[in-house]
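Before any comments, here is the structure.
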Amino acid sequence: MSEVRFTSDHEWIAIDGDIGTIGITDYAQSQLGDIVYVELPDSGRALEKGEEVAVVESVKAASEVYSPVSGTVTEANAALADQPALVNVSAEEGAWFYRLRLSDPAETASLMDRAAYDAFVKGLD
Amino acid sequence: MSEIVTLSGHRGLALEEPLLFEVGEPGRTGVDLPEPPPFDRDRLGGCARRAPVGLPCLSEPQAVRHYTRLSQKNYGIDSGFYPLGSCTMKHNPRLSEKMARLPGFADIHPLQPPQTAQGALAAIEALADWLKGLTGMPAVAMSPAAGAHGEWCGLMAIRACLEDRGQARRRVLVPDSAHGTNPASAAMCGYGVESIPANADGRVDLDRLKAALGSDVACLMLTNPNTCGLFERDIVEIARLVHEAGAFFYCDGANFNAIVGRVRIADLGIDAMHINLHKTFSTPHGGGGPGAGPTVLSAELAPYAPLPFVVRDETGLRLVEHAAEAARLGAKPFGRIKGFHGQFGVFVRALAYIMSMGSDGLHQASADAVLNANYLLARLSADLSASFPGPCMHECLFDDRFLKDTGVTTLDFAKALIDEGFHPMTMYFPLVVHGALLMEPTETESRETLDQFIAVIQGLAAKARAGQAEDFRQAPRFTPRRRLDETLAARNPVLRWR
Amino acid sequence: MRYLPHTEADRRAMLGAVGVGHIDDLFRDVPAASYAARPLDLPPGRGEMAVERDLRRMAARSLPAGDAPFFIGAGLYRHHIPAAVDQLLLRGEFLTAYTPYQPEVSQGTLQMLFEFQTQVALITGMEVANASMYDGATACAEAAAMACRVTRRGRVILSGNLHPHYAQVTETALKHSGATIEALAPDPMGIEDALGRLMSDTACLIVQYPGFFGGLRDLKPLADACHEVGALLVVALADPVGLGLIEPPGAMGADIVVGEGQSLGIGLSYGGPGLGLFATRDKFVRQMPGRLAGQTVDVDGRTGYVLTLSTREQHIRREKATSNICTNSGLCALAFSIHLALLGGDGLARLAALNHAAALALEARLRAKGIRVLSPSYVNEFAVHLGDGADAAAIIDRLAARGILGGVPASRFYPDYPELRPVLILAATETNTEEDMDALAGALAEEAGR
């Protein structure tokens, strides 16, 4: 069972050994509305924690996605290119954005767990 | 909604019109051209076309009907009231159109020898003189093609000037109520953008401005009157603070129409400002352009104005088109920003308008624009929620508090206005208030029109309060097309006929 | 004042409704020292008759192209505009509408833009075109910036056959972008080695087609070479009329096609407004600047049009937008579209052929007078050499004094190249009569021979 962590920018990361799978949270997709396009990183790209890595777009808004941790991209979710709407129905499962190989697993320690994130979101409303 | 179905798909005067590509046929023509003489294709460098162009063709009557029908699906300022905030949709005088079509203006090539284009150069000079006179500024760059282009031009001049001073300042300050073009233009100049929040009053927060100013700030870009329709009453102090920090003060002149003929921006301490001729000086918006954005400059920035520029010497008027020649005249242009010499056809229209209005007419125009906006603000404040107390300038801002718990959104409210025969106000801009409704009536609307509009707005607000949200969600119902699926358009872009 | 509807009684009543006694009270936020309660000391307003009289006098001080044998091109061309074009442009619903942000009341503009985008894509041989930019030169600069975004590279090579204004605007626009611009020397003979400049860090090569001096060259080898190093080929068009006769850049491998659309439907108007054309491949559409109209359906399922993919643009993306451009050249796009609808594919081909034939006829007359033509191939524009030591600019001025507008001296663009002083760029279009050509050839030979 992988461990899931969250950022205050509404990304989630599921950590499995040194591989992280990253997406945006259900709360984030609900704020954006109908997703029409997702721009994803190329495999092999080296990322710093907090670096802008993807863009998710609705009709009237574009939001940057920041990498929750440092690492090297191993895979992007090709399904999102054809079906951006997947983000609206399955933000925290099928609609993951990319996977990376963590370069500094210790970075995940500063991220929120589910309970902390839920409390954080509650505070926003 | 039940709808009467016709056999043709037309509904009386509401006529359907297929795409050009569905009307046209090869073999027809709308232009009678002589048969070309026979020639060898050996002078085409091996580039002769191999396949036909594949464009359909319409005869003249078909074309006239096609475009006439398309035009009837549009709402223009000629059709009715168009209170689109921050866009200045006012009457476009027809004299301006007529003058722009005079052969001595319309049929002149920009590369004709200057002695054969003295009339055209005189028109540029005359407009430039008016713009300088109305702003009190010593110089104006005429070539920017639009407001955003003017912003970029002004920032490029500022950057060139700073580099000349040996200062590598890297930040531009932009209030969060600014038009999106401001940060985009700053980014095109290689600047980082820092947002300055508004205070509760809808104006620049002086303390936040002071905190943000520093030795790496190149300039402040401020719209005045601002996009909330308010005059920045601390503007002289703002200018002083900006200059004290060694930075420049760029004014986005999109709302110059509120103060034209009454306030010379040089007196406020502004270093550069573009003027949207298609707003303040009533040249037509044309469904999205062309506009023009001449940019007035302070004495310090003037030498950096882009090429080309008009000068007068013993032989008459001529253009300076090269850096070396400019240097001989003491100028250091930052470059060229557009092909040829500027939006000349727009200049002629603006000049005809300004000459018609004169200093007295412009003085009255800004008064009436401001009066009309304040009239809307005063008469609608009980029914809508005004974001800031008056007086406002040329536009008044409301937010969506009055729609709270009605189930009606700003968008629904705007769409309901369409069914009532009005063009909606600007929605969801500026971003500093929730669900913004920004109304700019302009000076060319009569009191009767405003009263009709007010009555409709009051009626719609009452309907929203009465719980008739579904009615709003169905709007508009009487337009050639009803609400369009923008999500589908963006997910599966179909950007051309195939 | 004829544009202002209020009577004094209206103003008094409205001030009363607002609750102030005087209009100046509404300007109370303006610092008193900067406020003019009286009109500024500038000329007063006047009636239509007086303004028209003044502007007619002013206009009469120019020599209109239509009143002279006229052979000026170099980026703007004088073509016949069918009368229906201007009549339709003047329809108020087109002329006085704003950007079509409210699609339900803007289907006319939106459908027209969709048709325009299709026409541009068809004539350039590209997959997708935007709803237009300011002009050819600014479209060219936008293409260079887009190529840098697409390739994530920063070296832009400008061919010496690119219009100098396009080159200068591109250099200015990219000045602070971190990109390096390599501008090749002017190339009237069409002999430059652009391929030799392509490197692994090249974002794009920008060439003009036909070239600034009129010459044509097969773009395919250039496109192949660009693609081999991962760069884009950007092709600039000066006169889209020629596309009726020559292969479209899209068919030759261009990745971005930009151009000046003024030739179709838009007059000379001393150089502005123009119409920036911008077309590319589907795969690059999200990196494209400018507005796009797209097809969709309304709530009743009927086909309609909206502005789409707006997240590329400044009003949403602010400092991260693909460009700061906000307007397009909507009305000029309409003029272009109407003219092209009237011509159709066959008409465009015939018009291009007439232009080429006119240029060939002009060349023959000039050769007969012993004038050397430099361009081995062209559509409707070519360069001539007036003889060693000749000053083409002075000759053109003398022709102008004789009432002939006879081309553009290359020195007007390239004052720093003495070898171009004798070079003159001449354009011929369907508007030129045989008498015009005889007049030019005769006068040019006389003036050049002096």
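Order of writing sets the chain letters: A, B and C. Residues in each chain are counted from 1.
In this text, contacts are C-beta pairs under 8 Å (C-beta built on N, C-alpha and C of every residue); 3 or more make two chains touch, one makes a residue touch a chain.
Note that this is a predicted model, so its numbers are computed, not measured.
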Contact graph of the chains (line, ring, star, complete, other): complete
Of all chains shown, the one whose Cα mean is least distant from the combined Cα mean is B
Taking each chain's centre as the mean of its CA atoms, chain B sits from chain C at a distance in Å of 20
Between the Cα centroids of chain A and chain C the separation in whole angstrom comes to 44
Separation of the C-alpha centres, chain A versus chain B, in whole Å, is 38
Residues of chain A that touch at least two other chains are 37, 57-60
Touching two or more other chains in chain C are residues 311, 316-317, 320
Residues of chain B that touch at least two other chains are 486, 490
Listed in rising order, the residues of chain A that touch chain B in the complex are 34, 36-37, 57-60, 84-85
Chain B contacts chain A in the complex at 428, 486-487, 490-491
Within their complex, chain C touches chain A through residues 286, 310-311, 316-317, 320
The answer for chain A against chain C in the complex is residues 37, 39, 57-62, 64
